[in-house]
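Okay, handing you the structure first.
Lettered A, B, C, D and E in written order, each chain numbered from 1.
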Amino acid sequence: MSEKLSRRDFIKLAGTGIAVTSAITGCGPASRYTTREPYTKMPEYNYNGKSTYYATTCRECPAGCGIVVRTMQGRAIKVEGNPIHPVNLGKTCARGQASLHGLYNPDRIQEPGTRTRGDSALTAIDWEAAIQIVSDALTSDPNSLVFLSGLANDHVYDLAVELCASIGAPKPIRFSAFELFESQATLRQATKTVFGSTNPLYFDLANSDVTYSFGAGFLETWQNPVANTRGFSKFRRGSDKRGYLVVFEPRMSQTAMKADEWIPVAPGTEGLVASAIGKLVAEAKLGSAPVAFKSVNIEEASTLSGVSVETLERLATIFANAQAPLAIPPATASGAPNGLGSVISTLNLNVLVNNLGKPGGLYLSPDAAIPAMDSSATYKDLQDLVGKINAGKVKTLFVHGLNPVFEFPASLGFEASLANVETIVSFSTYADETSSIADVVLPDHSALESFGYQRVKTNTLVPILSGAQPVVAPFYNTMSTVDLLLVAGAKAGGKAILPYKDEVEFIQAKIEPLMEAADGYFNGADLPTYWASFQQFGGWWQNSNSSTAPVSAGSLDVAPQISTELSIGEGELFLHTYLSPILAEAGANKPWLQEVPDPATTVMWNTWLEINPKTAEEMNLANDEVVKVITEAGEIEVSVLVYKAIRPDVVAIPFGQGHKNYGRYASNRGANPADLFGSTVNEAGDLVYSSQKVKIEKTGKKYPLSRMEGYTKLERDLGEH
Amino acid sequence: MQKVLDLIKNPSFKIAILVFVLVAFSAGLVGIYFTQIPPEQPILFPHNRHVNLQIQCLYCHSGAWKQASAGLPTEQKCWACHGQLKKYFDPVVPVSEWPIELQKLNDYAVNNKPIKWVPVYQVPDFVHFNHRPHVAKGVACETCHGDMSKKTVATLEQTVNMGWCIDCHTKKSANDPVLQAKLLDCGTCHY
Amino acid sequence: MANHNIPEVKANWEETSGVWGMSIDMDVCSGCQACVAACAMENNIAFVGEEDSGYGRSLHWLRVEHTFEGEYPEVEATPFQPIGCQQCGHAPCEPVCPVFASVHSKNEDLNLQVYNRCVGTRYCANNCPYVARVFNMRDYERPEPLPNQFNPDVTVRRRGIMEKCTFCIQRIHQGQDKAKADGRELLDGEVVPACAQACPADAIVFGRLDDPESKVSKLSKAGRGVKLIEELGTLPRVTFLEEEKTYGRTG
Amino acid sequence: MAVLADSTKSFAHPIEHDHEAHLREEHLMLDPRPRGEMNAMVMEAMTTTSWKFWAVAAFLAVVVVICLGYYWGYMITSGLGVAGINRPIYWGIFLVNTVFWIGISHAGTFVSALLKVFKAEFRRPFTRAAELMTTFGLVQAGLSIFMHMGRVWLSYWLMPYPNERGLWPNFHSPLAWDFLAINTYLLSSTMYLFMPLIPDLAMARDRSTGWRKSLYRVLALGFRGTEGEWAHLRFAMNLFAFAILPVMFSVHTIVSWDFAAAMRPGWSSTIFGPYFVIGALQSGISAVAMVLIVVRATMKNMKYFIRPEHLDALGKLMLIISMAWAYFFFNDYLVQWYNGDKWTDLLLHFHEEGPVGWMWLAMLFFNIAVPWATLWNKSIRRNPTALFAIGFFVNVAMWFERYIIVPTSLSINRFPFTYQFYKPGVEIPLSFGTLALFILLYMLASRIIPLVPVWEVQEGQMAHSLKKFGNESIITISDLEE
Amino acid sequence: MTDKKMLLAIFPDVNPAAVGIKTLRELGIQDDHVDVISGLPITEAMMGRKKHPSHVPTIAFGGAVVGFVLGGLLAFWTPISYPINVGGQPIISGPPSVVVLFELTMLGMLLSTFVGVFLDSKFPNYEPKEYVTEVSDGKIALLIDCLGDDEDKIISALTNVGAESVRQAEAHQL
């Protein structure tokens, strides 16, 4: 500990030195009172004033990209992609780049503390007391303990699963706004229905020549946007033939902006359009349509979706004639009452053109490198959890890597239910909505300060276990949650004792089986060597493709049950909610991410409501006017942004802002559209949110949106001149 | 009014003004002097003794020939030599009888504390100085840092400013226009 | 934007092809803003907050432009176009600076902004046809411990100073220094600016234009290549590869 | 000689002829008073202050301290962010003010030097008032430039001085020319103000006591009026009158090159030089008229020196310049109509229809319509209130014109993505600060230096007489032309 | 040998003063022993005297030359002292140099003219001088250097042609 402490002090001092130097820039050599210090025990490869690079895993989203962090004198200064990591091959997204602003966030929780429910301030405690609190919780009734976990912390989740299993507590619940907004459960269930597999699907965008996307924002947040963008780049320019992308969705997203054609379909009719295209393709190719497409009425589909029959026929011809056609299932549209049917329809389209296991088609990702202990929860599970809490059956709630009070829609009633929990323990690194009401806050290291691993589940043809290691010594008096649980378990005794000394030993135990795994990127004769390589390369992966071709489970012969119910709630406009491509669910506290313009609208630092110019004119709304958006579940106030590329019957709001308590950069900024969601779930157990109807009322207020783009501010039509 | 005028005309008033100006001026001078004296280092490192023992500069400041920063030795490195010197290592000799500076070093090394050296040669952070090309071109350390065999702690031998850099760059590259273009390019140091 | 292949300008450009160049493929640029964030992280760019950024004071060295054309439902998005400093060979920003703060590097053929010489007349920014220069309006606050993230190779700018994309000159210098220490020539692709390094679509390619074999030289001369408003005679070093919205076009 | 001989008596003579009486009343040159009396009048004008004067001066001083001292300090310590500039509108009201004040300063030199070169006699009583405006206007222009700089504490880098770095200013830059030209102009106009002042200071020295005596004794440099002193002064003043005119033209054209040398649509134009010069004269001459009207109304004995004939002459000048200005303004559109550059076209439309289109209209209305409609009329030209109002609106409109040229034009460039609005911030108090400083300096100077060049008036009166041709009495033949 | 004396004659106007000068010349007093003090720039011709020599034109011309040379140094030497390429323009370029040359030539000329006036007129000079304050009210004063013997002769002659007073000139603080 002492060594860590001294290094931390050193980092602080070095930081001060830099600040002083930066403050006197331009004043000449007056920085007389700065000091320079060598490391007390500097590794032999480390020179003062020279950068060292550490490979680790980005934890800004669950995708598991490998990154290399440039450090200098104990400070992380730049995130770069890990060029050998097979998922992202040295590339990063804006969120990954800005993860340093998470590490150096001024609003991190610096030490463990407790509070009386309702207070805002924490009373500092030492880690001994913290360990006591956790061990007390572990020794109480295991059935009353619930562990809530996020998606981007596999090793913590794995340990929690083991711990819960050992003491007999219910299995940890894993969820995040990613799951909600991309309706992952629906896709999982559809995959199971169509291909009979639980492995994630791999869409080989790179080798496709015609891709129809039914609304998955695969260049923005869906699955692994970095890998998808790389695939997209190959799709467009990787071979002699330029790939052709058509996107069907009610609002032109960033992905649709890159498409060659954007087909504005009515919300919830994506599956219908896919079926109609399927029918036309089948008729062109096979002469007659299989059962799954037979019953589709093209005219009706055209009327409902707003896509003309000619367009459908033209698109069907292109798709039928393509060498490597690919249909990507909906993401947002899965959150409709008919979501499951829509996803099945699009997957059926792939089965129909038989691109299964072929370049440019569909693959099933291989099993995870180390056995997966999870399948994420569905929204239904959350509703059950809230029911359980309300019934007083939960005494202790552990929350790690997740901000449920913000990420769970208000209609779920999670926040209200917390009154029935005796002890809420948050392991959050940042002051957020959940940790600010938690009774005990035991901050984990931030992502770049901790060990860990992450299974790469999507966008991969090989098993990958991406490894994480600290790139800097912990900045504050934080403690790894795995260590904390292990120590507390040991203290609690009995079944809570797990056979690991600390976090590193736990991870080593997990990766040990991989030492002998065939065709690995590297192998190790002994664990220390293997462990060193695992840290050096930023994880382990197989060299060769071990994916499998999906096999149709006969879904073409089943007429899909596509519900005709297209909307829920009352109101004149559909609400289209999407995960903000830049902020996602937890990026709002990073100042530079806030200042990165949204790709489609170039808005920074706020939430906006996109509305078609025609609708805006009818409702007499102009840019920057604040409107009230109302559903049965709630209402929010948000500034209007007139957006040309959206259906007139749809308004869109991004999710990501609207934090009440998430540090100085995110708090009280923008609005949270999840407040508007109802509580209906679809057949797969995902929340129905994309068919939500809303009412819009003027408030008479104005709040100017901060936009990068300027010409619409001048409110002039440039076409004239 | 007249009294004020009389006061102003009084010679002692004029003298008082003069004295005040002189005092203020000297105070300013003293202030400037205090900013110019060499900074106090945590350890009065005797460079001269080490250099006279034929220890190369690059032995301790090893970064100078391969990177921008010359670097400072860790106290481990200091202790690697001093630990082997019988005189100090001998457990018979109590620490309190060691030379005072070595006692300090011992304190840092034993307690694992970084030594907070005060930089003597410093360029503003809008100037990016790289030791490597200078050493590679054969510029002797003495050229800028003075003859360390005659100094204990480092002192500022040169006013490190742009005119001095440019002057030397111009002279060294007088016969090589390509090199001169590089050495006098603003972007070589400022970015 | 405009593709005026004025013969004289082209001829002139051939003569002074420049040293460092960049090509940006607008067909694959997905507008993900990774370059923007990477640039900010690499170059110690300050964030300015909601009010100032909304008022056009954000300090992005790189902005990704796009617009919508036409009316719904025939609306189309123009391709994403990341625009930073074009490192003009004949840069209009340079001669107008009264104190030689905006100068041309003879050695690297880059546009330099010497921060410590800048007095803040902002003339260069007015004269930049690409609106690529940004001005530090204030000492933007970066509360502790955010300054720990500063890249020591890049000057931290204060209020009253112009700044702009440098083609990550610190990385160029490092690369050259390393190559020189190793006693070899710089390899193509050895030096990458932060934006190109991050770009998931590999839309940004950076390299030497004076090396006809480098990737960027070849791309710059490709048929899709367009330089921004080159009819002004600025000799920009960034080539944009245009989008082709066609199905199955080869090449 | 005859007039001089008469001059002591003529005042006492009964006026016999109505027309002659009218002419004497009309022309200061024909209405001499005993020189001692005239000197006394000027001294009295200088030394007479009322509580109103001090109240206004105190108010202005407070405005200067708050607007210039406080706000400028605030801006220096917190950065230019407190002003309204942004990307791409990097130049805002500070540059508008610079151009405006340089424009104001032009007329002073114009009337005092150009009219002297052309021997226009009516100039005599107000050359100093105008020249004083030049100097103080330039001070405001210089201040505005300093305000506009991002790091004003390093502004000395614009100065050519030898340094160890071997770095000099970049003389390719119009801003470096600006530095040379404005400094040349400021120095020479100050010298040109001071030289004719020496004899008047000597006169004031002979007529004052106390601190004024000490002050004037120092300022008059020991001038007695010997033959040699007069000979040197006469030559120097003639040379200045000739040489300062090209300097004046160069200054404002160089200010215009700041814009015209830039590669911006709407700025890059060869017409900018003459256009700016004429614009400067337009606002400057109106400002001279305004100042004279105020001086005439507020200072003692000034109604004797400044008469409707002077307002009349300035009114005519205003009309002429307004016509020339309209022509150059039209040229902007003419050239654009032929070359058809789409960005310039957009810019010109933006001037008219953009958010400050009202300024554009006001500028045309007050700079063209109003002078053309009114200044033809002699009685309007001679009416101080009317002329003041016209001058005021012309000045406001010329300020608008610069506003349209600077920030409004910067709104538009070749990248529509970056278009922005301009909302002035701390520029507003700072602008009022410079205006207040100008007025304050002028007020204080009017009580310290003789605002009327007495010796020049007396020299003129000495040489003028009425001549009778038949039944008509005239001064010069040109009087017959009206 | 008799003492040298300085007389101060005050005339009410230009004409009598001109006659006075003529009278003095007739009395054998050379023009360079007479100085005219006046509140107005009456010309030498009015007084029937030679043009007063002045160095100001020469100094002005010299100043212009110096300014031109300085301008040349700024325009042509300073760019080479640290050659920096801007915008692909030549290091020494014509059009901008014209501006620099013009401004500095004008500045040199005007500044030296001003300085020339100071030099030629021995400004500033606060020593006691012979002077009467009535000059600025329109009187013309003649300062006459003469021998003590001629004093009475001169006084009576000048009084005859209209001098208001002729007396011994006394230097006093202005």
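By definition in this document, contacts are C-beta pairs under 8 Å (C-beta built on N, C-alpha and C of every residue); 3 or more make two chains touch, one makes a residue touch a chain.
This one's a predicted model, so the numbers in the text were calculated from it and none came from an experiment.
Participant: What is the touch distance from chain B to chain C, in steps?
Facilitator: Minimum step count, chain B to chain C: 1.
Participant: Which chain, with its centre taken as the mean C-alpha position, is closest to the global C-alpha centre?
Facilitator: C
Participant: Pick the pair with more C-beta contacts: C-D or B-D?
Facilitator: Higher contact count goes to C-D.
Participant: So which chain is the furthest away from chain B, centre to centre on CA atoms?
Facilitator: E
Participant: Farthest chain from chain C, comparing Cα centres?
Facilitator: Measuring from the centre of chain C, the most distant chain centre belongs to E.
Participant: What is the distance, in whole Å, between the centres of chain B and chain E, each centre taken as the mean of its C-alpha atoms?
Facilitator: Centres of chain B and chain E (C-alpha means) sit 61 Å apart.
Participant: Taking the mean of the CA coordinates per chain, how far is chain A from chain C in Å?
Facilitator: 30
Participant: What's the distance between the Cα centroids of chain A and chain E, rounded to whole Å?
Facilitator: 89
Participant: Taking the mean of the C-alpha atoms as each chain's centre, how many Å separate chain A from chain B?
Facilitator: Distance between chain centres, rounded to whole Å: 51 Å.
Participant: Give me the residues of chain C that touch two or more other chains.
Facilitator: Residues 55-56, 58, 63, 65-67, 92, 95, 97, 100, 103, 106, 115-117, 152, 155-156 of chain C each touch two or more of the other chains.
Participant: Considering chain D alone, which of its residues make contact with at least two other chains?
Facilitator: 151, 165-167, 169-170, 172, 416-418, 420
Participant: Would you pick out the residues of chain E that each touch at least 2 other chains?
Facilitator: Within chain E, residues 82, 84, 86-87, 89 contact more than one other chain.
Participant: Report the residues of chain C in contact with chain E in the complex, numbered from low to high.
Facilitator: Residue positions touching the partner: 16, 89-95, 97, 100, 102-104, 106, 235.
Participant: Under the stated contact criterion, what part of chain A meets chain D in this complex?
Facilitator: Its residues touching chain D are 26, 708-711, 713-714, 716, 718, 720-721.
Participant: Inside the complex, what are the residues of chain D that reach chain B?
Facilitator: Against chain B, chain D makes touches at 163-166.
Participant: Contact residues on chain D for chain A in the complex?
Facilitator: 151, 342, 345-346, 349-350, 353-355, 411, 416-421
Participant: Where on chain E is chain C touching in the complex?
Facilitator: Touching chain C from chain E are residues 84-89.
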